[in-house]
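Alright, structures below, take your time with them.
Two complexes come next, and they have one chain in common, chain A, joined by chain B in the first and chain C in the second.
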Partner chain A sequence: MVDIVFVILAIFAIGGGLGMILFAQPMYSALSLIVCLVALGGVFALLSAPFLFMVQIILYAGAIITLLLFIIMFLNIKDDNLPDEPNKITTIFVGGVLLIPFNILILKAFNTLPSKPMHILGKDFGDIQSFGIELFRGWLVPFELISMLLLAALVGAVVYARKGSVDG
Partner chain B sequence: MQEKEALMADSLLSYIALAMILFSIGFLGVIARKNIFIVYMSIELMLNAINLIFIALGRYYESMQPQVIALIIIAIAAAEAAVFLSLIVVLYRKKKSLNSDVFNVLNQKDAAHE
Partner chain C sequence: MSAVLISVVIFNIVLALIVSLVFVPILVWMERRVAGFIQDRLGPNRCHIGGVRLGGIVQSFADMLKLVFKEDYRPNSVKEKLLFRLSPVIVFVTAYLSFMVIPFADDLTINGETYMMQALPIEFGLLWVLAFAGLGVYGLMLGGWASNNKFSLLGGIRSAAQVISYEAVMGLSLISMLITYGSIHFGDMVRFQGELIWGLIPAWGIVIQPVAALLFIITAFAETNRAPFDIAEGESEIVGGFHTEYSAMGFGLFFVGEYIAMGAASALIITIFLGGYQIPWLNTITLKENIEIVMLAILVLLPAMSYFFARWIKKNNVWPDPDDVRNRETKWLIIGLIGINIAVVLTLIGLLSFGISSNITNISVALIQVITFVFKLIMVNFFFILVRWTLVRFRYDQLQNLAWKVLLPIAIANVFITGIFVVVLGV
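And then the complex of A and B:
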């Protein structure tokens, strides 16, 4: 059962990813990326990370990609604004062939780990409570640094997007 | 059927393989496409593939720490999204193109003079 769910989610994720890099229109690419990210969220749930499953759906599919879709619609892109990519398929194919040895190397490295059953753990692993305990006991300083990073990104985005900032 | 189940969803290697395939797709998107939006989305896909490796290893070692690292990566991706998208808006207003080859000038004065 878990096997079938994993295969379906993997097919959706890989199909969404391939659609993302193959579509010419950025709008279709963003919609494909949403499919891919939601399927990846399902894989997170299979790996007993229900909190990260929610974060993936809400934050990625709900916030980041929706912001991206807003920007794509807001810019009102015509077909002649798009760059022409004549040898896109060739580059993707040749690059994919060249990446195979790298992937085999990584898989061989992980293959040295002893195999272990990966069934879904109980409800005290990966839920909000154990996640929060781990976050605020062991990772408090990175958490505070993340808040400063988000503030800096907020200020930077406002400064960039302000009208006339580039001319001045 | 039992053996097949042990091969697919029960082993760490299938999750790593899925993550590596997605990482490769994202890498190919970065090197093969010129549309700046596709490049951005490919970077997001690569971050997600690395997240998947972290979470798979966290399940493998039954530790919560990789999940916290994955959440931090998601927060960094959100910050990156804000800055990247506002940069795209500014550059698109200037150049009227989405070709990443056109965006070779990031100096404010040079960009203003062109």
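And then the complex of A and C:
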């Protein structure tokens, strides 16, 4: 049962990823990205991490892609604005072939993993309380540093936006 | 899986269907009648089946039939047919799914087993609702974009910008509630609200955190795209916004989705701020201890209220011509009322005389709480409708200024103050 669900989610995730690269129209690329992210969220849910699953949907599928779509719609790209891509299929094929060694490496690394007993984890694994305690006890400094980084990016964006409007 | 579990789950899913889908015609009727009374007219009251008009509710069903049987016309300019068809479905489905985690009653115990009274018994209900509130906007955006029409595109962009700004405020107002309740499980939140502050005031969210309640109600209005935040459709500026090109059931799904979203927002407001299924001063434990008194009270109150209701119908629904079909409505309604009264009174007398087991106590408490919840739902929906027909639409820049310059700072300050309170008082 779990395997079947995983295979379906994986097909959706890979299909979404491929669609994001292959579609010429940016709107469809963004929509494929949503499919990919929601499918990844489903994989998190399968791994008994409900909090990560919900956060994946709220943040990535809900907020970030909304922003992305908003910008794409704002630009209102027409079909004749899109660049010509005559050798698209060849380029993607060559790119795929070049990545084969890397894939083999990952497969090898995966096969050398020590085998662990697979069983359903306890009910409170990955729920919001244990996750929060772990995050704010053991990983408080990295957490705060990342929020500072995001804040810096935010301030930078505001500074750039203001510069444009003042100078005309 | 026991038979009890299956029946509880089915009961909850049917209940979620009723409070979302079946409520839509009632909400449409309420909206039109309230709009009518505010604009000094009557609103729809003529449509009838054999004389039964139910104050005009029948009109909503007629409207729905009209939408189903109309020609579904799609302009040739629409290129993205799949997205064009998909977007009303997204709006409808996301609005409907957010109803799934609302607790309709306290956890039900039958034969020693406890069942959550939610259609989807999960414990991270708040995150679920936030997730689907975020996904719902795709319906509006894609509908506006796929219509290939400038007005629709503007509507889609507006709704996206609005949701992005108001979702931030909504999340922050919810964070202060999370600090207060210490849980993201709706059941825990509502149980918290069943207590009393200083043994006097019900500890409802709106009493403990009035600022967060105000912020959340404002953002809930914005998330449902209802006036004063309905710039996404703004018919005086951009024709119909995102649904300009839709006809028949495509438009119908947007329309129904809007009302379901309104119902879901009301259910959220009730669950987080207005005590959920709790009756003030009568929380689950008190109800269970005093179930016989409560049953006796219902036994006395229901027939008395029905008597006054029947008198009101008889006084107001009289037509001079004796053959007028509308005179028949009075008869049917009073027969219905008497039937309901007889059924309820017989059941209650039977229960009281044969003794009440703990299972029956638990089930009747759950039923009373479901009725309380539905009553609150109707009241908050009524409030939504009153606001829509009282306030005027925001201009686009006013809307963004309100979100980023007024609501967001207040929300952050509220989180900060709540945090200080919790740390200092050690609640």
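Here is the rule we use: the second predicted complex is superposed on the first by the 157 of 168 C-alpha atoms of A that agree within 3 Å, B and C clash if a C-alpha of one lies under 4 Å from a C-alpha of the other, contacts with A are read in each partner's own complex, and residues count from 1 in each chain.
The rule we apply is simple: a residue touches a chain if its C-beta (ideal position, glycine included) is under 8 Å from a C-beta of that chain, and two chains touch if they have at least 3 such contacts.
Nothing here was measured: the structure is a model prediction, and the numbers come from that model.
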| item | value |
| --- | --- |
| Partners on chain A (chain B, chain C) - clash or fit | fit |
| Partner chain in contact with A:Phe110 - chain B first, chain C second, else both or neither | first |
| Partner chain(s) touched by A:Ile58 [first = chain B, second = chain C, both, neither] | second |
| Touching partner for A:Phe131 - first (chain B), second (chain C), both, neither | first |
| Chain B versus chain C as contact partner of A:Thr66, first or second or both or neither | second |
| Chain B and chain C, minimum CA distance [Å, superposed model] | 13 |
| Touching both chain B and chain C, residues of chain A | 51, 55, 63, 67, 74 |
| In the complex with chain A, residue positions of chain C that touch it | 83, 122-124, 127-128, 130-131, 133-135, 137-138, 141-142, 144-145, 153, 156-157, 160-161, 163-164, 167, 184 |
| Residues of chain A defined as touching chain C within the complex | 27, 31, 34, 50-51, 54-55, 57-58, 61-63, 66-67, 69-70, 73-74, 76, 127-128 |
| Chain A contact footprint on chain B (complex, rising order) | 4-6, 8-18, 20-22, 24-29, 31-35, 37-38, 40-42, 44-45, 48, 51-52, 55-56, 58-60, 62, 64-65, 67-68, 70-72, 74-83, 85-90, 92, 94, 96-101, 108, 111-112 |
| Chain A to chain B touching residues, read off their complex | 2-3, 5-7, 10, 13-14, 17-18, 20-21, 24, 26, 29-30, 33, 36-37, 40, 43-44, 46-49, 51-52, 55-56, 59-60, 63-64, 67-68, 71-72, 74-75, 77, 81-83, 85, 88, 91-92, 95-96, 99, 102-103, 106-107, 110-111, 113, 115-119, 121, 125-126, 130-131, 134-135, 138-139, 142-143, 146, 149-150, 152-154, 156-158, 160-161, 165-167 |
